[in-house]
Amino acid sequence: MNSWTHAQGVLETPQFEWVALSPTLIVVGAAVLGVLIEAFAPRRYRYGSQVVLAVLALAVAFAAVVGLAANGHAGAEAQIAGMGALAVDGPTLFLQGVLLLIGFVSVFLFAERRLEPAEHGRAVDSFAAQAAATPGGTAEKLAVRSGYTTTEIFPLMLFALGGMLLFPAANDLLILFIALEVLSLPLYLLCALARRRRLLSQEAAVKYFLLGAFASAFLLFGIALLYGYAGTLSYAGIADVISGAPSSQVDPGLAATMGNDAYLLIGGALVIMGLLFKVGAVPFHMWTPDVYQGAPTPVTGFMAAATKVAAFGALLRLLYVTLPGMRWDWEPVLWGVAIASMLAGAVIAITQTDVKRLLAYSSIAHAGFILAGVVAVSPEGVSSVLFYLAAYSFVTLGAFAVITLVRDGDGEATHLSKWAGLGRRSPLLAGVFALFLLAFAGIPLTSGFAGKFAVFRAAADSGAMPLVIVGVIASAIAAFFYVRVIVLMFFSEPQPGGPSVVVPSLMTTSMLGVSVVATVVLGVAPQYFLDLAGQAGVFVR
Amino acid sequence: MESLIGLLVAAPLLGAAVLLVGGRRLDRFGHWLATGLAALSFTFAAVLFFDMLGREGADRALSQHLYSWVPVADFQADIAFQLDQLSMTFVLLITSVGTLIHLYSIGYMEHDVRRRRFFAYLNLFLAAMLVLVLADNYLLLYVGWEGVGLASFLLIGFWQHKPSAATAAKKAFVVNRVGDIGLAIAIFLMFSTFGTFAFGPVLGSAEQASEGTLTAIGLMLLLAACGKSAQVPLQSWLGDAMEGPTPVSALIHAATMVTAGVYLVVRSGAIFDGAPDAQTVVVIVGAVTLLFGAIVGCAKDDIKKALAGSTMSQIGYMMLATGLGPIGYVFAIMHLVTHGFFKAGLFLGAGSVMHGMNDEVDMRRYGGLRKYMPVTFVTFGLGYLAIIGFPYLSGFFSKDEIIYAAFAKGGTEGWILGGVTLLGAALTAFYMTRIMLLTFFGEKRWQRDAEGNEPHPHESPKSMTIPMIVLAVGSVGAGFFFNLNHNFVDWLSPVVPTADGDSPISHGMVSVAATVLMLVGVGAAWLQYGRRPVPEVAPTGRWITRAARRDLLQDDFNHAAFVTPGNYLTRGLVYVDHKLVDGVVNGTAAMFGGLSGRLRKTQNGFARSYAASMFGGAAILIAVTLLMRAV
Amino acid sequence: MSPENYLHLSALLFTIGACGVLLRRNAIVVFMSIELMLNAANLALVTFSRMHGNLDGQIMAFFVMVVAAAEVVVGLAIIVMVYRSRHSASVDDASLMKL
Amino acid sequence: MSFPLLTATVLAPAIGAVATAVVPSARRTLAKWVALAASVVTAVLAALVLIRFEPGGDRYQLTESHAWIPDFGVSYELGVDGIGVALVALTAVLVPFLIGAGWNDADPKEDETPAGRRWRPTQGFFALILMVEAMVVMSFVATDIFLFYIFFEAMLIPMYFLIGGFGDRAGENSESQQAKQRSYAAVKFLLYNLAGGLIMLAAIIGLYVATSDLPGGGTFSLQAITEARASGELTFAQNTERLLFLGFFIAFAIKAPLWPLHTWLPNAMGESTAPVAVLITAVVDKVGTFAMLRFCLGLFPEASAWATPVVIALALVSIVYGALLAIGQRDMKRLIAYASISHFGFIVLGIFAMTSQGQSGATLYMVNHGIATAALMLVAGFLISRRGSRLIADYGGVQKTAPILAGTFLIGGLATLSLPGTGPFISEFLVLVGTFTRYPVAGIIACAGIVLAALYVLILYQRTMTGPVRPELSRMPDLRPRELAVVAPLIALLIFLGVFPKPLTDIVEPSVQHTLSDVGESDPEPELEARR
């Protein structure tokens, strides 16, 4: 009965920090607008308006983030917003900034219409004319002829991005779950929308969806158990219970289950697992290669970069704010996962024959590297991970952008054998790709090296030297296949029927330029960004 | 005066540089330039010599410090020369014989297109040899030591188009390098013992060092000497070295370079005096080589190889003498000088013969040449008499002194050594007479060669005969002059320790015995080759003859002991490097490849198996967390 | 009767759902199993909410239902799309990408 | 502050590289001249460094220091000691000759496909060489360990493209065959060195952690660390120091290369063009030995002392093993490669003998070996370019048709077997003396190298140059003026360094004394003094 009486208490209207949450709100708002456009605007205006809307929204949102950071929300002014549901602090703002930048350049990738050969005189992008039409069916032909294009991709992407912006900010388990779904569902759909090789694309979508749902079910059950343990969903509350100081409003009399460690441990494990799935860490990585390969390459790029950033953000907050009390329980697990990810990712990648799959495995290995920074429970650890994410995401985007440009008769030529001698055909592009590969491999003077160094140093500082050793070995193995691609591009004779490199529009070009600059600058003069990440290294509670 | 010492070296060095860099445009007069510079160097030597005579025995030594060469902490090597009586003796020998042979070569190499290079190399040799004998520290000596090795390499292999020549050159250099290690290690030992390797301090404070150290240094020096002076066991290169043009054999492989070993031992006398064991080894090496060379000399039909054997044996005499200590040093040097004259003369004679006989070297194809080339015959004959120790010619004095010293060693060793040296004298007489008879006496045995053109033996041009004459004079008179009221001994005694041992038998007795044995040798040779006609193809003699023809199986031994195993070793290592060391590397790569191939099978495309792995992963996660808490 | 039993039930349901995912081929059924897992979680949430005597769990459960609904929309859309292009709803048939 | 000379010396080739790279593909010759000019400018700057450097002055001179990545404790710190000066000079002197020697090596083949219109091998070749030069110089002058490491690693990339991208003109075996071998060699080179580098990275991170309790947090400044260690302000636990030492040493031993980590070198040198091969063995590999001297000994004295016996043993193995394998080679480039392995054995031996003779000798050895190998290898390259084969068996009697080529080849060879009168003799003798005074047995074993060197050089010379002329070589041209212009100065330099090495020793020796004092060693007393 008591709990009902609780409910009868007047519900005070929630106060809501619009400013602090503006970035997310802007993006989601724009997404909603996008849906309306889809609903009402005539077809021929949609593309233009969607692109403009998305770009504007992201730009404004980014400005908002910068503004918030400038007002000290990253540091002294950090606050818990939305009735304790969201945290607006250093990590949040940093990651939101990164995510918005990723989104910003990804829009260009999505909107690129120069790559595909024009159909019936209309320039088309790399997304299905009409997702619902069966591949090769009459409906599809009709859709193509009448020049349909799936402009829904923009709102979908904005929605996903909205979820991602929430993810690292989530300060209680409810929001964590919601954000997870909000970012996942649109991605499932986006995966299914490839124009070429639609069967693969759809298969990717199915796998991603089923496995994703499966994972989120685990996460949810974990949430339930944690709630059962602590009697609250808010991170801070749980942390208090763990540290043995339960927040007052729970009636001890009924808290029979409170503080039952089995719930805590199992729940914690399940929640962590749900996040590791998004991160793509062994043994929850198996969706990555297939999805990366099947999804439309722009989506893959966006997903590979943004999802990792968001998911690691969430993982960091969960581990640092909620579970530091049980550090000794989850650290060994994460050690294992990190080691397994680094080694498995690097080793399996050696024998890959498809560029996108190759990058997928490399992303698994990188997840391992980043985890090495995560387990270093220290501000350096956080900031190093933040820096690594920023560096890594741009390299990834760039790499996938390059892949969209190398095409032959049936779309992108992703099979490695076709890349032979690319360096002879177009040295510049091959050089750019080589730069990204070297950055992945962590060669000095690239952002990859700075990131790797930061992460390993943090790990070593907190006494995880073995992780560093393994990481180093894994990097050596990984170097092997990055180098293999370079050899292929530069040292082997071009094949006669080899792919050609299409000259993209300004959008892709500029976005490639951004990635290159980011890769080099973060490699040569990382100090400024290290400072940023350093200032952003503290979580608010 | 000191400054002349540097010029002594500089003149031929300049010649070598100019001739090598100058290129074809110097072809016309290059040889004259070289000869002139050699002569210039000789004049410097003469000037210095008379200047030296002008001073008292004690302060005759000159020295010139050019510059500090390699200064690293305690290791202070300087380019500095030292000219004392011992060096002076060598300088005179080298420059005089050297100049003569330059002159001789002008005629001998007339028809060779690469004559300019030849003279450049000759000059290079002179320079290096002078550095060797003028150096005032062992490191600079080492430079000269390897320098002459280089020159000898270049000159032996001068006719590079002949594979045999190239091989011989390589062999000479490599074998010498083995000896050089000895010199190097000796220097290391000096440095770590005395903290320096300059003659003065080292030899000055030698007696302070422990005998063990001195013995080690002595043996190492001996090793070096063996390499350079073709002493057993490093003698094998000298015979092949005869592939080089004859003037080279005369200058380098008879008169000067091969005697450098003797110089080294004498120069380092102070060290050997402190190390009797080392001395014993020196004596043994000398004695063995003495007989070894003589026996080989008896069997060879190639005139140059026969002479080479003789050279070895004569140097054996010198080595033995040096091993005897102060008693022997002076006479070793004396024999060295006289030998320089008559052996050079003999080689030039041989060269002149070959010159007249279309480069035929097989003595069984000669015969009766005295009619055709009288000058050669006479000069060669005088050299012959000198070497076999014909009374009152050069060899007579120097050799008898050595034999006497050998007896003077005393005790059984004395008798053994004396016996060996006497036996050597007999053998010398035998093989030299053999050469003489085969070449100049008997009836002519040459016939048309492969191209069918018959040799027309003729006397050689002036430029060749004059040096021969001069050397002949030297080989006749030198010994007598040296022995005249102990000229030579007095000359060297300030720098080279001397002593008078008392021998069981008197000088007279020694001379008589030596002369008698000499006659025996001559007689034996006459019985064999003088009395009856010589077969044109060598009869397969007794085992000893066959062995001697093959240089007493030295090459066979070296092959069996070093070359063949070496080849196997290198081949084996190449295999090991490829399969094992590199195999590990490639193996690692392959290993990861295979692992990867196996692991990627897990990615089988079935969503449900992916789900299964997730499920299992979750299970593990939970299990581990619970366990962590449990333990 | 003590609320723990509800928890046991929810755990049981969750396991059943998981097994369903692992064992069944038909995408629809797999999907239904996942829904089952979600609802197991819901049951756990409300149970805990009851035990703790605060409403967070129930609120959460409502949200989960909404999300599940959204998931159904997306999921069915995808599955149907695949079915139309392949004429099969079997998860194992969708295995073009491997290795 | 004064003019940043060292930075300029690094920037000159870097800028040159960019300039060369942007030359349009048609203007090939222009690119070559740009590259040559840049390398000459670098040489001039290096000469200035040589002049401005006062022997016996401060340990590190011409220093520059700016903050770079304070977050990592990394700063942009440059400075040279005598050893660094010598090696910078070597690099700057060699590169112009290499460019001259490789003048036509990278011209696109006649049958270059129009597809490769934008493919500009020539520009790339010379740009890469300059890039390598810049990075090598940087790693010689960097006194910040992290800065050093960055370039130590980064230089692999241009090297990798040089090896894999440019080989000899097709010879006995087909183009594609060669391409396969080339890329194998390149990949092997890169991965081998990268692996070493990554091990070193772990050690570097470890070093940072170990120094992190210094006032002002972890640092990579060589001087700071050595001073802190000297003042006892910083001490490493024994095991930590040894592990760190190993991490550094393995990386350097791979680069050097030391047996048994050497197998990448023969492939790399065998497959690449002669100038690149020289670049590898004469310049890039020197970074390894240089770093042993500067970092291993400077940072981890106790560990160095601890490891010395093993290192000396490995060095001895390298000396003998490399020489024997050189004798066993059929390919003249591989022969030279194995000879280099033997020589690196000498260098390492000299470094770890811990005597002033040994280490001065080792430093001189780095310089002399660089020049000698350059002379020998470049002439070999000219020979190969004429016949299109690397197999020794394909040659014979060259001295008849090309006497000058043969002569220069012989001189290069004689220098390689360290004949007195050439630079290598002095360095080798110093190394041996220095070793002998402390480890007599090792010194004597090393002497085997003297004989073996004579063997492999003379065998090579005899088989290729002497004997009857092979018909296919009968019309072989002698050295062209360009080629002679490349080789002659090198030979002159060799002889000069053999006759008058004092200037070099004067520069090197004080720095060696510093290093020795770091390690806390001093030359053993001569026996007689010791007795007194």
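When the chains are written out, they are named A, B, C and D in that same order, and each has its own residue count from 1.
In this section, a contact is a pair of C-beta atoms (placed from the backbone, for glycine too) under 8 Å apart; a residue touches a chain by one contact, two chains touch by 3 or more.
What you see is a predicted model, and the numbers here were worked out from it, not measured in a lab.
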(request) Tell me, please, which chain's centre (mean of its C-alpha atoms) is farthest from the centre of chain C? (result) B
(message) When contacts are scored as defined above, which chain pair ends up with more C-beta pairs, B-C or A-D?
(response) A-D
(request) Find me the chain with the mean Cα position closest to the mean of all the protein Cα atoms on display. (result) D
(request) Measure off the straight-line distance from the CA centroid of chain B to the CA centroid of chain C, and report it in whole Å. (result) 97
(request) Would you kindly tell me how far, in whole Å, the mean C-alpha position of chain D lies from that of chain A? (result) 45
(request) Just give me the whole-number Å value for how far the CA centre of chain C lies from that of chain D. (result) 65
(message) How many angstrom lie between the centres of chain A and chain C, each centre taken as the mean Cα position?
(response) 24
(message) Quick check: what residues of chain A touch more than one other chain, meaning two or more?
(response) 206-207, 210, 214, 218, 289-290, 480
(message) Where in chain C do residues touch at least two different other chains?
(response) 18, 21, 30, 91, 94-98
(request) Mind pulling the residue numbers of chain B that touch at least two other chains? (result) 589, 600, 603, 605, 607, 611
(request) For this structure, give each pair of chains that are touching. (result) A-B, A-C, A-D, B-C, B-D
(request) Spell out the part of chain C that touches chain A in their complex, as residue ranges. (result) 7, 10, 14, 17-18, 21, 27, 30-31, 34, 37-38, 40-42, 44-45, 47-57, 59-60, 63-64, 67, 70-71, 74-75, 77-79, 81-82, 84-86, 91, 94-98
(request) Report the residues of chain B in contact with chain A in the complex, numbered from low to high. (result) 589, 592-593, 595-597, 599-600, 602-603, 605, 607, 609-611, 613-614, 616-618, 620-622, 624-626, 628-629
(message) Applying the document's contact rule, which stretches of chain D touch chain B when the two form their complex?
(response) 188, 191-192, 259-260, 262-264, 321, 324-325, 327-329, 356-357, 360-361, 397, 399-400, 407, 414, 419-421, 425-426, 429-430, 432-433, 436-437, 440, 443-444, 447, 450-451, 454-455, 458-459, 462, 465-469, 500-502, 505-506, 509, 513, 523-529
(request) Give every residue of chain B touching chain D within the complex, in rising order. (result) 20, 67-75, 139, 142-143, 145-147, 150, 157, 160-161, 163, 165-167, 169-170, 173-174, 177-178, 180-181, 184-185, 187-189, 191-196, 205, 208-210, 213, 566, 569-571, 573-574, 577, 581-582, 585, 589
(message) For the complex, give me every residue of chain A touching chain C.
(response) 2-3, 6-7, 131-132, 134-135, 173-174, 177-178, 181, 185, 188-189, 192, 198-200, 202-207, 209-210, 213-214, 217-218, 220-221, 223-225, 227-228, 231-233, 249-251, 254-258, 289-290, 293-294
